[in-house]
Structure formats: C-alpha cells, structure tokens
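Report on the structure given below.
All chains are identified by letter, namely A, B, C, D, E and F, in their written order; residue positions are counted from 1 within each chain.
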Amino acid sequence: MSLVTLVEYDDASAEVRAVYDDIMKTRRVDWINNFWKALARDPAQLRRVWENVKQVMAPGALDPLVKEMVYVAVSATNGCEYCTYSHTASARKQGMTDAMLMELMAVVGLANQTNRLANGLRVDVDERFKP
Amino acid sequence: MSLVTLVEYDDASAEVRAVYDDIMKTRRVDWINNFWKALARDPAQLRRVWENVKQVMAPGALDPLVKEMVYVAVSATNGCEYCTYSHTASARKQGMTDAMLMELMAVVGLANQTNRLANGLRVDVDERFKP
Amino acid sequence: MSLVTLVEYDDASAEVRAVYDDIMKTRRVDWINNFWKALARDPAQLRRVWENVKQVMAPGALDPLVKEMVYVAVSATNGCEYCTYSHTASARKQGMTDAMLMELMAVVGLANQTNRLANGLRVDVDERFKP
Amino acid sequence: MSLVTLVEYDDASAEVRAVYDDIMKTRRVDWINNFWKALARDPAQLRRVWENVKQVMAPGALDPLVKEMVYVAVSATNGCEYCTYSHTASARKQGMTDAMLMELMAVVGLANQTNRLANGLRVDVDERFKP
Amino acid sequence: MSLVTLVEYDDASAEVRAVYDDIMKTRRVDWINNFWKALARDPAQLRRVWENVKQVMAPGALDPLVKEMVYVAVSATNGCEYCTYSHTASARKQGMTDAMLMELMAVVGLANQTNRLANGLRVDVDERFKP
Amino acid sequence: MSLVTLVEYDDASAEVRAVYDDIMKTRRVDWINNFWKALARDPAQLRRVWENVKQVMAPGALDPLVKEMVYVAVSATNGCEYCTYSHTASARKQGMTDAMLMELMAVVGLANQTNRLANGLRVDVDERFKP
C-alpha cells in the first residue's frame, strides 16, 4: 500500500495529465503504472523524473534493450521488487527471452559475489587497470 | 593492502599455476591480476570462482560486452573499487567507448534513484507487470 | 511472518513489561508495535535497542522531526519495508506533510543516483573538501 | 583516478562552460569540483544532473540544510567516499556543527542497525502503520 | 510470483532431475524448494550454482552451522526475504536456537551500525590493523 | 582523513578517558584505535556505542570468534574498509586462520550471489520454510 494516495488520470491536474499523456504516447501504452501515480503527488517531481527517464532510456550509444537489462541488474542488486517486475516486463516487451533473463541473472549474481571477495579481501587495484 | 598474502606465479603450486595458465590463455594476456593472486590462498576457491567466471562470461544469449557492462553496473552500484576498475578495463578492451561508459553510468544512476523512490513510497506492483 | 514468536504484553515477563511500559509512556501511545514484540525474545537486547532509540531520537542538536526524516531516508535507501512504514508514520505524527515526504524522497533518490555516478566514475575527492 | 578524463574549464566547450558558470553562480563559488568535471565527458548528462541537483536542493518544503544532511546520511549509508566529503563540506558551509554531524551519524547508525533487525527477523508491518 | 515458470520435478529434463536428485540426497530431504525450481529454467546455471553451494557449505575449516549463520547474516544485511527464511530454516535444522538467532541478529545490527559510523566519519584505518 | 578531529588520550576529558580505559582493559590492549577517537567528539555516543559493542560481543549463546567472523562478513558485504581491517585483525587475534578467512569469504560471496538470484527472479518463499 503506497505511502501517498495515487493520482488517477481522472483526478489529475492538467499539469499531471500532460506528463501522463506523454508517458503513454512515448511508450505506446494506454495506461499509467503506479510508480508515476505516486510521484504525481509532487507534479514537479513527476515531470523531472519522467524527463530523466525519457532522455536516459532513449536510444543512444547503447541499445534500449541493453539499457533495460542494466536497469533490471541494478534493481535485482538493490532488491527493489517494484522495479524488478516493471523493468523485466519492459525488457521482455523489447525482446528479452527467458534465456537472456537467466543469463543476465547469472552475471548479476557473479558480480555480487566477486564484489564481496574483492572488498572483503581488500585487494589492491592493479596499476595496469588504471586509466 | 590485501588481507592475505598474494600468491605470485613463481611461488605457486602446480594446482594454482594450472588455473593461472588457463586465465592467461582464455583472456589472451601475459599476467595475472591481484584478485586471482588473493583467491589463490585457497586453491579450490580459486578454481571454483574462475570456472564460474569463465562459464558465465562466455558468449551465450547475451553479448560478452553487454555482460561486462552489466558487471560494471553492479560494481558501481555496490561501490566496489577493485571491480569497477577491472571490469571497466575489460569492457574497454571489448570496445566500450567513453560515450558508452557515460551512458551506462546514466542508466545506473537513474535506476538507483528510482529504486529508492519505489521502495521509499512503497508503490504496489501493478498487476499487469506480473508474469 | 516473524521468524520468532512475538511476545505479547500479557505473556511478557516483568523485565519485558518494564520496557514496554517505558516505550508507551515515552511515545504517549497505548500499544506496542511488532518490532519490539520480536526483539523481546531477547529481553536484554530489547532493553538495549530501546535505550539506544530513546537516547538517539531525543531532542538534541537536531530537531526530532529532522531525525525521523533521516530515519526514513536511510530506510528507503536500504529498502526496509517495516522501517519505512513505521518511521513514516512517526514522522507524520510529528508534522511531516505529503509535500515534505515527496521532497525528502526527491533528495533520497538524487543522493542514491549521484552516489553511484561518483563511485562508478571513481572521482577523486577534491582537496578543498577535506577538513 | 577518475575513469574518464576530467574536463577543465579552459578546455570546455561552450555548452559545458555554460553549466560550469551556472554552478559557480548558484553556489557562489569560484571553482568547479571534480564530480562535474567527470560528468562533463557527456555534456547532456552534465546539464541534466546539474538541473536535477539545482531543483531538488533548492529551498522548498524542507530547509536546505536539512536536505544536505539527508544527502550525507544516504552517502554514509551507501559508503560513497566522494559524496560524504563533498556534502559534509556543503552542510558545514550551511551551518552544520560538529555536534550536529555527530548526532546525524548516530541516527544513521541506529537506522542501519534497526533496518537489519526488522529485515532479519522478518517482522510484519503493523496495520496501524499503514496509511 | 516468480519471473520465470518454476520447473517441477515431473516436468524436468533428465539433466535437471539429476541435480534435483543430488540436492535431495545431499540434504536428506524429499522435496525441492522454489529457488532451485526457478534456476532450473537454465539447467547449466542450476548445476553450477548447486555445485557451488554444495562445495562451499560442506564441512571444512568452519563448522556448517557457523556457515549457515553467516549466510543468514548476509541475507539480513541485504534484505533478501527468500534467503532469510530459507537459511534460517536450515540453521535451525542444524541446531540454531532462538537465543542463537537473537544474538546473531544483535551482531548483524551492530555491525551495520558501526559500518556506517566508520564510513560516515571517514575514519582512517590504523596502521596496526594492516597485515 | 576523518571528518572530525580525533580525540587523543592526552587531550580527552575525564568522561572520555573513562571509556578509553575500559576499552583497553576489556580488550587487553594499550592503545585506542581511530574509530573510538572519532566517536569521542560526542562523549555520550562514544559511551553508548562502546557499551553496545561490549555487551553484544561478549560470550553468550555464540562463540566470540564466530561473532567476529559474522562482523567481518557484514563488513565485507557492505564494503566498509575500516571495519573489514579492524574486525579481521580481531578475528585473527582470536584464532582465525587464513583457511578460515578464505572459507568465510567463500560463504559471503555465495550468499551475496544467491541473494540476488532469489531477489532478481522474485522467487516465492516456500511454505515449508515459514515458522
């Protein structure tokens, strides 16, 4: 149960509706997910976060599907349930198969393992790795 | 300064050298980085972790460069200095440009931000996101 | 479902009841929340953690509401569901509005983002920032 | 040593200089710290992150000093060295004393402790805490 | 609800069944828990992770119960619900009492607290602690 | 460089010296490590944290060496450099060998790996694991 009341489209101000409309248009969907409805309690924050997501996740030097999978990797690392479900769904829409998801999780698990081995043993960074 | 004495090639047992040789051959390099030299204090662990890395990071459903970037993303999220340097170096060797690294960091930063917004506001997962 | 049996007031030892009574008196409430009922499986730990909370959260150099909001910020960062609900409720009792909560979350999200940018790019600390 | 080359003011493009100038004007300082010089490798990201910081950290429903202390709390929780130094310096400039810093750390430490007690014992959220 | 379809024993391939059989035999149980049924979507990963668990958690320089409690400590620190339930159950089977669990949690809470005090105040490592 | 001035024994107040003396007596050492010297900027906090450490780390349902190793496991998971060095040193004093440290790290790494697999795949907790 969200800590703030969700803002439904029908109850939203013009400012919030404009963002909702842009989300639906950009993503080619006809509904708004709960994350945005919670953020809409602060319309300026809703707009700011959405603009960030829109710009960062757009095609650029990296493929959009790669970006979604990186998002899933970070969310799994942080244990964010909402983000894991929502970005896995987005990645699947963009073509991620079960095999790709399982392999992604293998990398995420391995990195979390070796991160602790390096941190726990306090291994010095090799000079050759420094730029 | 590592919490255990690093095992140099010249001082290594045959069991450890066999792993070192496989690392150098697989990666086409002529040196061993400190992470493995620390793990070598436990030869069975050295072998096990290396076999995991070798299998998980090999080409599969995901591109090796994508896997390296996911590794960097997890390491940046966890704040692992050693892993951030070493896997950024690996990713660059596989073709990651500065533009790709900066864009990767943008996604990592954004995911860490929205992970906390979703967790902090305790947003319920939308039914449509569930598989 | 808690991993240990909760200790209800009616079943509590005199030692546990004394802490429960102090919690209710200090907080001006007439019930005990589950966190303390779980800790009460170890009466010495119950007392120790409660004394810590009582001392640390009392008015001092910082305002009690500010402290509650810092608690919420840490809990959101760590993804602790229980603590996010309980400390948000406490902060609201002390006057935190929805606008304040949303702004708090904006700072928490931003800090989590830039923490990873600084860690991921391994930015050196400027000399001027050192004390 | 940063993973990307820092962009010094004298070498910066007009686009980057415009952001640098706005940072110095807004903060009333005559230098740019390394964080921005690293982000400047991606001018669009530099601008985006700066605009976020500028908007989120401006006076609003919360006091700017409170926001800086929340930033420090999150950075200490995540173990971000750069952010801990830089935001502690900012908070001191805005009036945080040693007594306030120590008390802030006490809250951060306590919250990190009880977050794990609640998560580790899997304590159910009390109905009364739900909004 | 798992993000991948669980693989039940009756529907499993010979490769997956072989791992399931080894899990049940090694642990002297007659059922497979959901973690393995999810990993089984990638049979090679199922085998790899199981071999790791089997080797790492076997008796060695540390007592198996100590290892299970360390597993619980890490899982509580990371807020992993599944792992906290499953490894607490394993530790109880191996003899962990309520008193031991509560004391373990006290250490976990304390370590999470002092970790942030040391990181937040940026305390330099004493030379005498270095190996 | 610590964010607060360390309080040396010779400059300490009677209140702080009393805690320092108790630390040295309890631990049978003749010096005070930096962590306490930083905390001493807030004498009440110094006393409170020390009392917590003294009580929690004393012999009880768990062996003191086991507790130190759990402390190391948490510190490695959180990436706390200071705590990893200091508690590894303590554990070694209490008898932890290199073989035990390496095996401890193997468990820590494995737990961090499977925590993310369980969280990333959102595996439901088996009913049989619930108490």
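A few notes on this one:
The rule is simple: a contact is a pair of C-beta atoms (placed from the backbone, for glycine too) under 8 Å apart; a residue touches a chain by one contact, two chains touch by 3 or more.
Note that this is a predicted model, so its numbers are computed, not measured.
Two chain pairs, D-E and D-F, are weighed by contacting C-beta pairs, with D-E ahead. Comparing A-C with the candidates C-F, A-D or A-E, the pair whose contacts agree for more than half of the residue-numbered pairs is A-E. Put simply, the chain farthest from chain D by mean CA position is E.
Superposition on CA atoms relates chain B and chain F by a rotation of 120 degrees, given as a multiple of 5. Relative to chain F, the chain whose mean Cα position lies farthest away is A.
The centroid of the Cα atoms in chain A and the matching centroid in chain F are 34 Å apart. Here the CA centre of chain C is 21 Å from the CA centre of chain D. The residues of chain A that reach two or more other chains are 1-4, 39, 49, 52, 56, 73, 75, 77-81, 84-85, 88, 99, 102-103, 105-106, 108-110, 112-115, 117, 119-122, 130-131, listed in rising order. If the chains shown are joined wherever they touch, the resulting network links each chain directly to all the rest. Of all the residues in chain A, the ones that touch chain D in their complex are 1-4, 44, 48, 52, 55-56, 130-131.
On chain C, the positions that touch chain B within their shared complex are 72-73, 75-77, 79, 81, 84-85, 105, 108-110, 112-117, 119-122. Listed in rising order, the residues of chain E touching chain A in the complex are 3-4, 39, 41-42, 45, 48-49, 78-80. The touching residues of chain D, when paired with chain C in their complex, are 1-4, 31, 33-35, 38-39, 49, 52-53, 56-57, 60-62, 66-67, 69-71, 73-75, 77-78, 80-83, 85-89, 97, 99-100, 102-104, 106-108, 110-115, 117-126, 128-131. Put simply, chain F touches chain B in their complex at residues 79, 84-85, 88, 98-99, 101-103, 105-106, 109.
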